[in-house]
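Down below are the structures I want you to see.
Same chain, two partners: subunit A is paired with subunit B first, then with subunit C.
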Partner chain A sequence: MLQLVLNGLANGVLYALPALGISLIWNASGQFNFAQSDLLTLGGYIMFTLFGTLKIPYVPAFLLTVAVMGGVGYFLSWVYFYPMLEARVNPQIIMIGTVALSVFIRNFILVVWSSTPQRYRNVFGSRALQFGELFVMPHVLWIIGIVAALLILLQYFLRGTMMGTAMRSVAQRPAAAWLMGIRNNRMISITFMMSTAIAAVAGILIAPINTLSPSMGSTMGAKVMAAVLIGGLGSFSGALVGGILVGVSEILFSAFISSAYRDVFVFGLLVLFLIFRPGGIFKADISEKI
Partner chain B sequence: MKGMKNFFREYTVFIVCALLMVVPSITSQYVFYVFERGVQNAFLVIGLVILIGYSGMMTLGSAAHLAIGGYAYGIYCLLGLPPVLSAAIAVATATLLGTLLAFPAFKLSGPFLVVTTVGFGEITRILILNLQSLTGGAYGLSGYPVVSQAMQKYLYYGMVALLLLVILAVRRLGRSRIGLALKAVRQDQVAAEVMGVHIKRAKVAAYALSSLLAGLSGVFLANLTGYLSPDSFTGSESATYLLMTVMGGMSNPTGAAVSSVGITALPEVLRFLYSSRLMVYSLALLIYIRVKWGRKRRVALVKPSAQGAPKPKGGES
Partner chain C sequence: MLKISDLYVGYTSVPVLNGISLEVPEGKIVTMLGANGAGKSTTLKAISGLMPAGFGSIRFGGAELAGRRPDEIVRMGIAHVPEGRLVFPGLTVSENIRIGSYLCKYSKAELKRNMEHQFALFPRLAERRGQLAGTMSGGEQQMLSIARALMSKPKLLMLDEPSLGLAPVIIDQIIDKITEINREGTTVLLIEQNAELALAISDWAYILSVGSVALSGPSSEIGRDRSILDAYLGG
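So, the complex of A and B:
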């Protein structure tokens, strides 16, 4: 039981990362990014090329992938999102654009890396560690550790630094932030950069759990979006709690009831939340944004 | 000159359908099949025009409506009903189940609604995959009676004729009372309600009509392929139908028909496009959206709404 919870936790924090990215972008720009989980897949594939094919050592490859994906996020916001926001386009049109972006990334991966599922060496070792009764794969602990460190770092960045404060102010009151001399376009670009970089981390870490395939973005994306809405769109802790809730309950459901219907269960949970608590567990209020 | 333009705008649909009518006599068997699929997709996409273009309710679960229509037809046939009757009941089933989605749409908007439709699509696909005794599961469903090879041509003519009627009807719908109500709901729901639009009724109507067309499309699909598999109803398929809708001009049924036939058929003509077709289309769509709507440069501040889903305002109309 505890073992299942631990595995679910590793799964859940990986849902939480792209969910967090969606929330960050939602706060900064009022847009829902449907391409987030495809960006995650893209990150995984870049890592596959750098680490699996080019044999660059793990840590440099990891950092390089995150940097590349951050660049992709910056580029996307620079060529697409900011100009669209600036022209005050109907949010629905921008949302359709992100759906198109997700289709584009999915098929780009299909064309470049082909549709065969890929997998690269599990660097964390494949011998289970034993703690008393409990057998834990080392990657589970590593994933939880890395994500926790990342979240603490992110929280420090947002709360403790000048730039983070500027980002939060853009999310709260863009006009006032602009008048205070904050460059909104740059802040929004940096938000995008961060959220794709975070998604890339999840894409890299997911490799020992899941094989990479171009359609991963759609199967995982559905659950990530459910996690965002369950946790509360726009809330930092909501993304984390929602992700963990989805990850753990999914594993428990498939272990005790039926593994075939676990996605049905996740969406059932989502529907319950949308009916009884449409704002999610943590309703983001203005002071808590980002 | 202006009269000429209006004339074309009014009658393109007849030209398009006339061209589609000629297709079977001038192309090979395979290309003909592709066009059949294109026309079949057009029904679904026109349904999406009502839902997305007219009433502004985005959906990423349209493949599920299609699947319900197709599978219902197959299952009723295998239960022993005559094909025509089961086609009718299948369309009714698809309409009924699709209309259920209108109920979450009463309350939800923006990304919340879209994610709900994604969930609907996934749940439908998983149910198809797992209710093996009924749907054949991952092996797919086959063995139900389909239109014979010799009759295919006539089925196609029938489909094109029906398509013409549907386009004319949907165009009229857009100008009718209910269509105007839907467009009002898209632009500003609160204002529409104040003006006396019955919002719930309008939304139910939009969902019912669009899932009726999707069910019809599903029945045709089942007849064209003779085989249904859950793999052809994934979220990616729904996204493709969305692309077709937007490329057709969102609220233009004729454009939707052209874009769905075009997008289905083009990779067959340009073979080098085949594996990367969706990549090219989605990129083209992104550039189109960016150029069409993102061009007006103003020294404007980015102004997202303070809380919750931003309301669609102005923009495309």
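So, the complex of A and C:
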């Protein structure tokens, strides 16, 4: 049982990362990014090329992938989101555009890496560690550890640095942030950069466990979306709690009831939330906004 | 110090400012009065770069402001306390004040000294350092908004209706602070609904009416003739 929870936790924190990215972007620009989980997949594939094919050692390959994906996020904000926001395009159109972006990325992956599922070596080792009665795969602990470290770092950035504070102020009052001399568009780009880099971390961590396939983003994306909405769109802690809730409950459900219906269960849970608590667990009030 | 000549600004095609000219001399308090929609706030927004100037020029200490980005204008020494205060509600009082110096590369010690200076000016804020700005009263938020603007050590401080919606006692405090800030050497451009108060503390007044200057003069003279004032301000 504890073992299941632990595995679920590892899954859950991986849902939480792209969910966090979605909330960051939502707060900074009022946009919902449907392409977030495909960016995650792209991160996994870049890691596959760097680490699996080019045999670059794990840590440099990891950092390089994150950097490249950060660049991709920055680029996307400049070629796609920022011109749209600037032209005051209806937000719904921008949102639907991100669906197109998601299809584009998926097919881009298909063209570059083909549809054959890929995976690379699990560097954390494949021998389970034994703690008394408990058997845990090392990657489970690593994933939880890395995500926890990342979240602490992000918290420090947002609360403890001038740039993080500026980012929060743009999210809260864009007009007043301008008057402080903060360039909103630049902050929004940095937010995209960060959230894409965060998604890439999840992609890198998940690839050796689940196989990489171009459509990974869509399967995962639906869960991430559920995590975002259950946790509360725009809420930092909501993304984490929502992700963990989805990850853990999904694994418990498939272990004790039916693994075939686990997606049905997750989306059933989402529907219940939408009916009874549409704001999610942490309804993002202004003070909770990043 | 600040000289606006023949400025036109419009939302889409309808002009809000119809060729405004005004001047703010260094070290003075200048006030802009006028009914709602006369273009007072728009003038401030054009100066701080929030709204693009259509035609005309805005010169500050010899440099042209029209066409510049808000961050460049802040850097040149203009701070804008916006209408409705617009504090960052989810940031603490300290964070709100600190973010006011976003563009200033202060050292830790300078930052601290500058922040303590604001806390000395507004002791109420010092008591509430750790509180979220969104949970404070209107008057406290107004003080915070002014303190935040002062963090960039502006040469010109522009205030958009600082007394709006505040209790008379609080208004008096805010007005006192504005004169105090001016005495310390900051030039002030003030928009006020409360004409009597504004004329009492300012050196020069402009009365705006539908996007242009209807009347201007030394505040003491403008204040003398109530009937003219009432005609423009709508009693």
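List of remarks:
As a working rule, the second predicted complex is superposed on the first by the 290 of 290 C-alpha atoms of A that agree within 3 Å, B and C clash if a C-alpha of one lies under 4 Å from a C-alpha of the other, contacts with A are read in each partner's own complex, and residues count from 1 in each chain.
Keep this in mind: a residue touches a chain if its C-beta (ideal position, glycine included) is under 8 Å from a C-beta of that chain, and two chains touch if they have at least 3 such contacts.
These figures come from a predicted structure and were not determined experimentally.
In the superposed pair of complexes, A:Arg119 makes contact with neither subunit B nor subunit C.
By the document's definition of touching, neither partner reaches A:Arg277: not subunit B, not subunit C.
Once the two complexes are laid over each other on the shared chain, residue contacts for A:Ile182 go to subunit C alone; subunit B is not touched. By the touch criterion defined above, A:Ile96 lies against subunit B but remains apart from subunit C after alignment on the C-alpha atoms of chain A. When the two complexes are overlaid, the chain among subunit B and subunit C that reaches more residues of subunit A is B.
Contacts of A:Ser169 after superposition: subunit C is touched, whereas subunit B is not reached.
On subunit A, the surface touched by subunit B in one complex and the surface touched by subunit C in the other have residues 175, 178, 286 in common. On subunit A, the positions that touch subunit B within their shared complex are 26, 28-32, 34, 79-80, 82-93, 95-97, 99-104, 106-108, 110-111, 170, 174-175, 178, 184-185, 188, 215, 218, 221-222, 225-226, 228-229, 233, 260-261, 263-264, 267, 270-271, 274, 278, 284-286.
Subunit C makes touch with subunit A in their complex at residues 48-50, 69-71, 74-75, 79-80, 82, 86-91, 95, 98-100, 102-103, 132, 134, 148-149, 152. Residues of subunit A that touch subunit C in their complex: 162, 165-166, 168-169, 172-173, 175-183, 286-289.
Considering their complex, residues 56, 58, 60, 104, 107-108, 110-112, 114-116, 118-120, 122-123, 126-127, 129-130, 234-236, 239-240, 242-243, 246, 275-276, 278-279, 281-283, 285-286, 289-290, 293-298, 300-307, 309-310, 312-316 of subunit B touch subunit A.
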